[in-house]
Every structure is written in C-alpha cells, then in structure tokens.
Amino acid sequence: MDMVTAAKVFSDIGWGLFHYIIFYPPVYQFIIIPGLVAALAVVVFMIWFERKAAARVQMRYGPLEISPRTGGAPQLIADLIRYTVQELIIPSAADFFAFIVAPNAMLILSLLPMVAVPMTSISEYWPIPMGYSLLVAVALSTLAPIFTVVMAWASNNKFSVLGGVRESFIVVAYELIAVISLLSVVPLLHTFNLVDIVNYQMSGIWLGLLNPIALLDLFIAILMSTSGFPFEIPDSETELVAGPFTEYSGLIYGINMGGGYIRRWAFSVLMTLVFLGGWAPYRPGPGILLGYFVPSLIVVVKATIVMAIMSFLRAVYGRYRLDQALSLAWEVLIPLAFAAFGISVAEAFFGVHP
Amino acid sequence: MPAKPEIKKVPRATFLGRAIAGNIGALTLGVKYFFDPNRITLLYPHEYIKLKQGYRGYIVLIFDKCISCASCARICPAKAMKMVSVNVKDKKLNKVMKKKYPVINYNRCIFCGLCVDVCPTEALYHVPYHDLVYLNMNDMILNLEQFQEQPEFVTSKEGVPVTYVFDEKRGLVKVRADESVKQEGQIGQTSGGENK
Amino acid sequence: MSEGSASGVPHLPGMEVRPVERNVYEVQIGPSHPGSGHMRIIVELDGDVMVRVDPDIGFVHRTMEKLAEGRDWIKNIPLFERMAILDACNITLPYVEAVEKLLDIEPPERAKYLRALLCEINRIASHLYGIGIFAVFLGHSTIYMWAFGDREVFVQLAEDLTGARLTHSYPVFGGVRRDIPDDFPQNARKAVRYMRYRLDEYAKIYLNNPNIRKRLEDVGVISKTKAAELGIVGPNARASGIKYDVRLVEPYEAYPELDFEIPVFEEGDSLARAWQRVEEIKQSLNIIEQAVDWLEKHPREGFMHDKFWKTAPKLYKDVYEGNIPYAGKYRVKLMPLFATLKVPPGKAAARVEAGRGEIFYYVESDGKDVPYRVRVVTPSFRNVIAFKYVMPGHRLMDLPTIYGSFDYFPPEWDR
Amino acid sequence: MGGGVREVPATAEELQKSLLEALKDYKPQVEPVKGYIDIVVPVEHLVEAAVKLKELGFDHVISVGAVDYIAKKQFKVMYHVTSYLNEDLSKFMVSLSTYISRDNPHCPSLTRVWLSAELQERETYEMFGITFDGHPDLRLLLLTPVVAALKPLRKDFVVKEESDNIETDYEAFESSKWW
C-alpha cells in the first residue's frame, strides 16, 4: 500500500469520524453548539462581561491591564490558564472519589439538556425526536444540582456542608418553579414539541408576551438555581468562605465556578426557545448553513443576551437571606407559577391559541 | 447654636411600592451608570497624580540652613532621623569644626512632617513626590549627600501627570495636570485605556 | 467563672475545652475574614440559628496604652492615629484635648473651627467606609465601590487641608498644623453638593432597594434600654433612640457655635443603623459648609495658642504666609519645645464623638516628658459586646448583617 | 429606670456635692481631676456605691481602667460612667474608683451592675492581672496566654525599646548603615 492510498484511507476514516460522530446531531449538540464549546465560549465572554458591566456601574474599569485595547478581554483566558496549571489540592479528609467525580458529573449533566433541544426546524438536524423534547429537556435540567450537595458532603468541611444544605434547600424550591413555568406553555399550545413551540412563535407573538408571569418566574428561578445575584446564597463568602466549593482548588474549582454559568446557559437556551421565540424571525432555509448554523446562531445570541441581563443584576442587588429566598420561592413564585399555568389554560380556553 | 436632637424615621414603603418602585429605581440607576460610567480609577503606571505643593512627601535637607539643633531628630515619632557628626568648614569663623546634621531612614519614616514643622530655620522641606523606588532596604537609609538631593521621580518617565479636580456632578474628575491649569471649569476626562 | 485551665494557663477564646450541647454546630467566622479585617466570631449554630456567639478579638492588638507610656507627648499623636487611620483627626482629638486640659490652655477660635472641619471630613469618610464594608457584607458590591470612590472626595479634601491622605496628625497641643488653602472653600462646597446628590442615589440603589431592605429590616433590633445596658455607642446607640452625642451633651471645639441636628432613629434595627449613617453624613455636610463659611469670613489668625506662638520668630510667620517658596503656604510651625514638652502632673479625661461613636481618653501625667498612663476606649471596642448579646437568636446569614451594621473596625477595637 | 436624680445639678461642682451626699455611707473621697468627677470609695463598698450610682441614673460604663501606682504598691481601678437615658446627666462623666493592693489584686466585678463593663473588665484582667471576683466570664480577651502572663500594662513590665540616642558618628553611620 503506497502512501497515497494510506493517506486516503486515513482521511476517509477521519472524515467518517468527523461526519458520523462529531456531526451526529446529539453528539454535535452536546459538544459544539449549544453544548460544551459554545457554552465555554459564552461563559468566558459572560464572566468578562459581568466584571466589565459591574465595573462600569462601580466607578472603575474592571479587567484592563492585560490588554487595554480590547478592554481586558483576554483576562478570562489568562484566568483559565491559571486555574489549569494551579496545584490541585485534595484534602486528606475528603472523600476522594466523590470529591473528584462530582464536579465533572455536574458539568456533564448541566449540558445534558442541550441534547434534547432543537436548534432548527429541519428534522434532519434534530438530535432526538422532538415529540416530548420539552419534557425531556426539563427533566434533564434537574439532574445537575444534586452534585453540588455531593461536593459539599465530600469536602468534609463545615462551611461546605452548610453551603450544601443551603443548596439543597434552594434546589427543592426553584425546581418546581422552573418546571411549572416552562410547562405552562404546554396547555396553551397542546404540545411538548419544542419545534412546534418555536414555530408558533414565528408569527411574532412570543410566548413571553403571552405569558409574562411565566417568563419572570423562570427568570428568577434560573437566577436561584445558578446562585446568581440576588440569590448568591450557597457560596455566600461573608459567612461561608466559598460554600460548597471551599476545599476546591485549581482546575476543579474552575469547573465549579464555570458550572453555575453553564447551568445558567442551558436554562437560558431553554428559555429562549420556549419564551423568546428561539430562532423566531428567521425561517430556516435549505442546506446546513441556512438550515442549521444561522438559526442556532440566533438562539445563541438571544440566550447570551438573557445571560447578560442576569449578570448585570450583580451590580444592582445584594443577596437575600436563605429563609427570605425560600419564602419568596414558596410563597410568591410558586403561586405565581401556578397562576401562569392558569393564564395559559385561560388563554387556550379563550382562543388565543391558533 | 448648639446641636439639637432630631427624631428621624426610616422611610416606610407599601408592599407594592417596595416591590415595584424600589426595584425599578435600583435597576434604572444601575442602567444609567452602565451607560454613563463615572470612573475615578487612576491607571497607575500610565498615569500618576501630580501632587500639590504642601503634600507631605519626601523630605529634603537644605544643608546650609541647618543649625544642628537636633529638634527634628528629637521630635521624630518613628526614630527615623539621626544626627551624624561631620567635619565642616565654617565660613564665618573660617575653620574646620565638627557639626551634627540629620540623616533619614525611609524604612521608618511615617511622613508625619513633624520634623519639617519643628525645624526653626526651615532647613527641611517636603517634596510633593510620593512613589519612589529603592532596590533594597539598605538604600532607603539616606546619607547626608543623598538627603540633600531631590529624589528622582521615576513615575514621570512613562506616566502622564494627572490631577483630580472637584466637580459637583462627578465628585473627582481626572484631568491632565498641564491642562488643569489652562482650562479651568472646562473639564474633559482623560482618555483611559479604553475609549467609549 | 473560669479561673483558668488545669495547667494554670488561662483559656483563650476558641481554644478552650468546654462541653458542647448536642445538635450544636460550631463555626468560626474568621480570623481572616474575606469581607473584613482580622476578627473572629465563634458561633454555635442550632440548625441555621445562632445560639451562642463569642466575639474573639485581639488579632491586631498593639497595646497602644503601653506604647504611649514610652513616648513623648507629641509623639503619641501619630501613634494613636494608627488605631483608625481613616478617622485620624477624631481619634487623636480627645488625647490632644486631655493634654490641653493638663497644660491649661485652650486653642484659639480659628483652630477650633479647623479641627471641627477636619473632624467632620473624617466622619464622612469614616461613615462612607462603614457603608461600603456593610454593603459588601450583604453582597452589594456596587455601594461598596461607590462609597469607597466617594470617600476619595473627602480624603482629597483632607489631603488639601493637611497634606496627608489619612494620617493627618492635624491637631496638636494648642492648635492645628495648617490653615485651609486658598481654593479649599470652593472645593469643599463642590464636594458637599456632590455628596448630597449622591446620597439620594445611595438610597435608591441600596437602602430603598427591596432586597437590601429585606435583609436589614427587623434584624438585630436593640431597644433603647438594651442599648443603654450594653453601653453601645455612637450611631448605633442613636439608631436605638438614645439622644446621646458628645457634640450634643458636652460640646467641644467649635460645635457649640455650629447649627446642626443630631439625627436619632427609634427603630433600633440594622436598617435604622444604616440610615443613621446617611443622615449623619448629611449633617456633617451642613457643618462643613458652615465651618468653611466661617473660616472664609474671618481673618487668618489664631491657629495656635499664644503660649506657643507669641515668641515665634519672623521666619515662622513667613512660612505661614508662604513667603518661602519651597516651604508651602499656611503651614503652622511648631516650636522646638514641642519635642521636649513636659506636661504638669494631673489627671484628665476627654471624650469626643468620632465617626463610630464616643472615644474616651484618660491621661495621667506625673510631670515627666512621657505620659504616666493613657487609657483609650474606642467606640468599636464598646460595640463588641453587642455581638455577644444581640446576635443569638438570629440566623447565620444575619451575622454579616449585624456585624456590618455596627461599623466595626478591628484595628480600632484592638488598639 | 427607677429613681433618677430629681433635680439634676447644672454644674459639675453641684453634681459632685450631691453625689458625695448620696454616697456618704460608703466613705467617698474626691480627687482633683480635669474633665470628670473622680469619686474614690474603699474596695469593700465598691459594689454598693455602684448600685447607688446606677440608681441615680448612671446607666453605662464608658471605660474600665486601672493605673499602676508602683511606688505606693497600689492599683487604682476606675469605672468611668455616664448616662444614656437621663439626658441631663449625660453631660457629666463620673469615675467611680477604688484602690486595691498590688500584691494580691482582687476587685469585685461590677458586671452584674453594669453589663457594659464585661469586656473591659476582661481587658483589665489580662493587662494588669487584676481578678474581678464575680465576673461571669473572666477569660483572656486580646492577648495570648504567654503575653498575658507578663501583665503588660503593669509598670514593672518594661517594653524594650531602642535607645533614645539620636546622635551617631559619621563613620559609624557609614560603616553600619542600619537602625
């Protein structure tokens, strides 16, 4: 076999790998867009944006010195490198297996909902059959937070355990809100199919306009679930050093830090599809470019804007007390979520549904 | 008119006023400053503050004015000054005699300025410089010759001199030091690292 | 009462052997706290509720009282400043006043106004610092940055006045060390107007923010009698309805002639303590305006007691008037006798309302060039006791709220 | 607060007179001081005098301090008190003090009377080694046990500071440029 043939065979295998594994929609969605790669890119941008936005409000510049011309944009890359090469300290009292596995499991499970969402209306590019995709995505989104509690328990540290307990309180509170507000579109449209939901919003009436209470509820639930301000309670540094992440260092700490943002990203994509019209003004055309990349880009941009708004809240709010957040969740937001569900039913009954 | 106590009340708000007006007020203010930031950060090595005369900075000795009274060394709270005896030629009497002169240890100096204020002949004065660099702690103990020289101001080599001027709307506004003299009232922010 | 452990070594807080109740979880907040300086609060938690709180202080203790016994009278002024450098004039003023009582001198009118002016500038700076640290305890980083940024305005004013940003060493026995520069009045008025309008914004984004209100309201409530029993001081006591301010009950320096209010809140919770500081800043701004007006109207004379100034040579007046180009302007020279000052024997006490509350100095002299005994009681030190008695019963997340609302300052309470 | 001073005197002298009258059972003496009123009672009457002062309206302690008179082998323990709730008394500072023996320093604790004295008595305990009998929680506050054993504020503990010598030879200064 001469070199040319060998090269051809290898390139065929490579192409096969590329075509059938990377471009196999579930894998592609999990790894590239809107999964790991897109999420990481957005997270890096978002942490930078969060710091810059807060700095603008707060009479200062934020990250700047590393590259004054771009406003310090490479700062996060530098931070990432630092986390990567930092020494990884695992306390001898920690439960080694759980200590190492939990952050990674959390990262992976945070991205799992991405396998269940469509990025386009063309069935060729769907990762899974879309019949019950909303239900599947919602179900998958609830898996990750348990690993924060595992991390806290495995750290064997008082502050971690306290943080973990807080996290578990909050998980129980926000999950119901998020699930009910997401599912409140179901009675309106009589479908669990995310593609149908987005297609309905092609008419220009986003479901967020039809049911703003559900949108607001979901927005707050996402903030709660990803400990964003004003609900940055589990890792409240003033009394619990870093909450569940106290004992973590190096790369795993970086994963933990990004983990919350990635969870927020997954929820933002879901929120964009359900309430903010997905790829809405755009109608996916033929071909992979117009049929997949353009609509997915629109979704990514919309979800990024949602995340930017969430990040901006850091500059305006402090943090609630744990019991206040819980009472807000159980006494205000959950009734509101039921109300939103009722609004959807009423709208369907009175014929807003097409 | 002496002071008088005055009972104040924490402003009360209704539930709706608190939930809606409070949130909207906070958010609009945040957005306002997001689009119109009021920055006061000094980008230090690229800019430095040109201090006014009167700032209690580094201290310089005027050798000829010193009358060796040792008040400065005696009043120094940090024991940063010492009197060293040197042989100098007295011009009036035209003979060599032993006199005492102060030297300073900047490891210890707290820049309280008492030595300058207590000097009966004004032989010590403050230079409005603050950020000097020494290579080691031993260099920070100046001998008699070094104490008489004005320190070399290293920041001015690459930095832009700025001053902060008071402003009613923005508190402190950073202006180029040379411009602040020229255009009073007309205040423009110096270009920082990033331009809006 | 625990006399000491079995080995004869007295117990250290946090390191003692003591039976712990079941279902109690001990957490040590500190000693290196992310939001504050060096302090430790040993908290026993029952669930999320604090049942026993033991403030453990002393991590930055320097024994100021002992150090003062080995230093000349004037050298103690820069020493005592180190307790709270951001409140430097207030914290040294009672010492200077006590020594002036022993020396039987009283500063001239202009010096009194200058002292009151710097005291109020310091009070605003100190309150802004307190507001900022409190905000960061609540996770509100914007007010933290704003308060520190706006504090810079007043630090700049103090720098214009005294030549140093923080450790001014401004009041000395018999007077002050500088007079106001020529452009000071207009700068001060600008700063005052700026701060007034900023305080409204503070209220908007911070104190009226529903999130922050919820954290502060009805947390750490101290009733009037409880406050008197605990002996907490300053803005914290006034937020509980106690009409006590040294400027009110025993006016010192120029305060008898200035027209201002002492704001008093009756709620006694953390929100009242936060508002108290805002209201006090407003009053301090009024005082600054009045003091600046007075200083501008009156001739530049009488900044040092005649005992020290009447024999001053011409050079001293030249320095004051700015006739010597390198020497600056409006500097008040000190007579060489300051370096070797001997204070007549006697005992004196003085108190002053500093930013965080009442500062008390007891000064005893036996006629030597060093004090025989100096007793300093700082406001933060007197507030520490409140943590022990107010915090239990609250949730763990209320600890930063209560702690921050008292405007603690570890170097000050440790001395 | 029950039973305050009914007619609050306007000047310190009048207050001093009325206080001496009120405390006359406890053998009070007055020392000349500036800025406050110093009332010295024997140590056995300290608690009773404190209770009486509290009844008169002095409701909190500003300072608990001690002075070491090493020549007289005595400690003077001082409680500077004033009033929060009685606004007319606020303008006066009164010191209730007592002399105790330096050899075996014991002083009755006034924490039961004035709760605000608690931490300051702990401080005086560690700084002077004065034991406050009846204090509910007499532990170290600021110092470590090693340092507290030295009783740092007593006059026989001398801080080793460098010499006050401000003069030096130029040659000596040049050869070892360190101080």
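Chains here go by letter, A, B, C and D, matching the order in which they are written, and residues are numbered from 1 within each.
In the analysis below, contacts are C-beta pairs under 8 Å (C-beta built on N, C-alpha and C of every residue); 3 or more make two chains touch, one makes a residue touch a chain.
This is a predicted model, so every value here is computed, not measured.
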Hypothetical removal of chain C, resulting connected chain groups: one piece
Highest contact count belongs to chain pair B-C
Distance between chain centroids, defined by C-alpha means - chain A, chain C (Å): 47
Distance from chain D to chain B - Cα centre to Cα centre, in angstrom: 40
Once you find the CA centre of chain B and the CA centre of chain C, what distance in Å lies between them? 22
Which residues does chain C have that touch at least 2 chains other than itself? 142, 149, 205, 209, 243
Could you pull out the residues of chain B that touch at least 2 other chains? 26, 29-30, 40, 74
Which chains touch? The pairs are A-B, A-C, B-C, B-D, C-D
So, in the complex, the side of chain B touching chain D is made of residues 70, 73-74, 79, 81-86, 100, 103, 105, 138, 141, 143-144
Per the touch rule above, chain C residues touching chain A in the complex are 25, 27, 29, 33-35, 48, 135-142, 144-146, 149, 205, 209, 211-212, 214-215, 395-400
Which of the residues in chain B come into contact with chain A in the complex? 26-27, 29-30, 33-34, 37-41, 43, 192-194
Interface residues, chain D side, partner chain B - complex: 162, 164, 166-170, 173-174, 177-179
Could you please specify the touching residues of chain C with respect to chain D in the complex? 1-3, 9-13, 16, 57-58, 61, 63, 65-67, 69-70, 98, 101-102, 224-225, 227-231, 237, 242-244, 249-250, 346-351, 358, 360, 362, 364, 372-373, 375, 377, 381-382, 384-385, 389, 414
